[in-house]
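One chain, chain A, links the two complexes that follow: it is found with chain B in the first and with chain C in the second.
After this line comes the complex of A and B, so read on.
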């Protein structure tokens, strides 16, 4: 037998058709979670089985794939998924945000602006924004049907009553096209404004929870807030220690057991591109260090 | 009497043709009013445009009941071709169809004959695949909605003439509604339920 043991991009054609139909409905009803018959994938739940199935259903030989995990191209999850599609679909892979046509992401939106023609695929653990407020699927489904989102505002209000501000810092709920309240997956709320009027298509896949949802390009995405407590972004008040960026989302890295820390861009591609362009931060190695040593 | 051997072929390459056709449909749905092209080489039964045949091979299977209009079911060719290539059941009741193939769009039945989905499950609706006379020439249709940066302009000869007027029910019904894919030869344009007509004219 010379036939390969699996189909192009791993999934069989019937599964792809089912996922493709779900994606089309998701695009037609922005923010609505379309149920789909999620398959078992050769990786555990929590590793992006939903995102992988969406990517497998849309990916073609012409695509250039980028995979990030918390902004990084170099973590285990990102590398294994990138290798998975390199092997099963033979697609070109990249770490560059601008060169990629399909970007699968876990918990971040790249810093570099996305452009038309790109598809951003999110890995989603819990797609239902109301799930921790109302555990019954029948009830949350009715709340979505009626557009009844008072409970979510009560939750945000309770944040204010308890902490003096909206303390939700990631998976911050948004309203899509003035209709559906949607969970943006556990991205930091720093990334929420990037979803609004984005030129790229955004697809969300939740494998364990068996839901696919989408935001078409140029769609209104509004973070929920109150007139007297407007939505605010949050980032550590520091420049990146490696590239000096003052506008990127930062990871805090503890460097010893005496309380020292450094802040670096969470988006590795953004940070590396800036360093290549000559930007330096406080912890950068001095330029041309090798040459100085002769 | 048509035998299986006389049926037109499907895709030359099932896997990659379905993938490229899906991307065209997905781009069309994500950018309403934009004209996308189906590049895959595909055989089509008499009375069915290439683009519609490619969409059928890409999205139809045993899970999707299909409704055919009078033009599509005038001869058994289309139903036989669909059955052989997709195994999709052809149903007489349009209100349970996942997809409706409409060859003679002038006589499109009233939209309430199709499934709108429910408020709980708005995805359980019928997607209309309509043959159009032209998607590059004809009266102007200016549209706005999700997927469109500002407004999108479509020049097309569409049947029925009052298509967009009929689709205004999507506004009142949302999130229930009808999504439409217009096909002319190998060109496709999607009008999802969120798209609104701003202006039209010659």
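After this line comes the complex of A and C, so read on.
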């Protein structure tokens, strides 16, 4: 039987080179979706294969990797991807946003500010921001080439005409470097301002759709809006019940079947760091007794 | 008091351990061997090799065993392995005209040179469950006869001699054949890439699309010109050695559909082709593939594109079951964050709706 043997970070060097070329092109044309020959990965399409390929292509033995899903290091798919690189690349892993050199993420941008030298790798399901307005790739590529984004503005305008405000709460479209309209992946629009003028490199990988795009450090990223209807962030108006943070994006936790709920930071590293620093919320567990039941 | 959910890593490990246990099933029941799967579930193995794009019966059998009989999961396992294999080069085109035929039928001619050969087929069996198979049934040895040396030329070649069917495009050694596993797909796609996509495509998806074309969604009047199944030699031209090296033989099923074409101002009416090819004995797959291949030639043949089966971007973007199952099943992954922002938006919209609808009532009450 043909027993498998795998390279550092799983992908063979030829494939990594092909992906790095696509990444370089993506960095050179901020916000432009570069087609690449996405490989079949040992995890399913739609489960982060694009992000995994980008991470595999840029990872070196000295890197420190953090993987989050929904802002959390402990969600099952984040664990699965972290273990994959722990096993195939043997790199150090961390949950600390500050200590990581490469952060692979799904659906969130960490709360702690990113710094120069870091790379944030997004997992992207549908890279095309115009896809739900125009299903054909042949059409949307033409629209990007001509910078023809009227359809998107009409959609946003129709929202305002109907609801009085733009009814897009996540995957909120942005314009990168005053040229390409880009899908930020399904992050909540709360995170959009963090992409603007970010000192870290932001790379986006869509495996199933075979596209890579990028925001180089310190690039203008503007959320689409209108002068009289400016972009606004959304955040549930409450402090985190565990760390008391008033500036973080919150997950809603249903605590019983009688309508009780609480709101806690979706970024677990941010929340835990604050708790370690002594911040407390209304529902905090006493220190060192996290596992106590009943 | 609320404690954040932890321990996902152990949950995953335990889930995989439980999965391995369930896969094995009752340990008092003898374990399946790969040979049993390869020999007795051979059509499943053929499908996994075809849609997995890798001709290796043993690995396909292993994949089926590991996937607990879930063929799409098995195809996924084979594909993920295939993606890591080095490429030495491409073989010469196989010659299906020289196939060692085990089955070969044409529905367009009553008799053909080399004859109609039914071979191993479910066709004409009565679909009655056979309780004898439940335990220890030993079938009769098959009937045999001497091997004939009679050539079995392709039916489409016979039609081609009279110019009644369009010629098959000639191989061009200088034009490299596209490979959508190495280059990202872009549209419009040429026929080589379309056929590669269809060969890897989900059998059920092609079956439904082919069926839709028969029912009138882009009808193209097909006849099963020929379906043949058997062994062909695979040969590789070794640059270093300077000669052709035989690599072995593989089992293939080929289907050539013969379809009507009205002709145009510049071209005389003639039959056109739809082509299907798959590893092993995969007749439903190759017939469906041939129907869809012909449908996708609408643009090239100047036909109006009105049905899903004729729309290459629609067909090729949705035909791959490994991609499709991944994206459909990714909905199992957590979406707390985007769901939370939708919840926030929905609450706001509902509040605005309620306020807008309350306002007139209050006015009425005031009046």
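By our rule, the second predicted complex is superposed on the first by the 281 of 294 C-alpha atoms of A that agree within 3 Å, B and C clash if a C-alpha of one lies under 4 Å from a C-alpha of the other, contacts with A are read in each partner's own complex, and residues count from 1 in each chain.
We take it that a contact is a pair of C-beta atoms (placed from the backbone, for glycine too) under 8 Å apart; a residue touches a chain by one contact, two chains touch by 3 or more.
Every value quoted in this text rests on a predicted model; they were computed, and no experiment measured them.
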Should the pairing of chain B and chain C on chain A count as a clash or a fit in the superposition? fit
Which partner does A:39 reach: the first (chain B), the second (chain C), both, or neither? second
When the two structures are overlaid on chain A, which partner does A:216 contact: first (chain B), second (chain C), both, or neither? first
Touching A:60 in the superposition: chain B (first), chain C (second), both, neither? first
For A:227, decide between first (touching chain B), second (touching chain C), both and neither. neither
With both complexes superposed on chain A, which partner does A:179 reach: first (chain B), second (chain C), both or neither? first
If we overlay the two complexes on their shared chain A, which of chain B and chain C does A:136 touch? Say first, second, both or neither. second
Check the contacts made with chain A and report whether chain B or chain C touches more of its residues. C
Angle at chain A between chain B and chain C, C-alpha centres, nearest 10 degrees: 80
Please give the least Cα distance, whole angstrom, that chain B and chain C reach in the superposed model. 10
Dual-contact residues of chain A, meaning touching chain B and chain C, are 35
Chain C residues within the chain A interface of the complex: 1-9, 11-12, 56, 58-59, 62, 76, 79-84, 86, 181-188, 313, 317, 322-323, 325-330, 333-338, 340-345, 349, 352
Taking the complex as given, what residues does chain A use to touch chain B? 7-9, 13-14, 16-18, 20-30, 32, 34-35, 57-61, 141-142, 144-146, 177, 179-180, 199, 201, 215-220
Looking at the complex, which residues from chain A come into contact with chain C? 1-2, 4, 6, 10, 12, 35-42, 44-47, 49, 69-71, 74-77, 79-80, 83, 106-108, 125, 136-138, 163-164, 167, 169-171, 186-190, 208, 210, 234, 236, 241-242, 249-253, 255, 262, 264, 266, 268, 271, 283, 285, 290-291
Using the touch definition from the top, list the residues of chain B that touch chain A in their complex. 14-16, 18-20, 22-23, 25-26, 29-31, 58-61, 63-64, 98, 118-123, 125, 127, 146-149, 174-175, 177, 179, 192-194
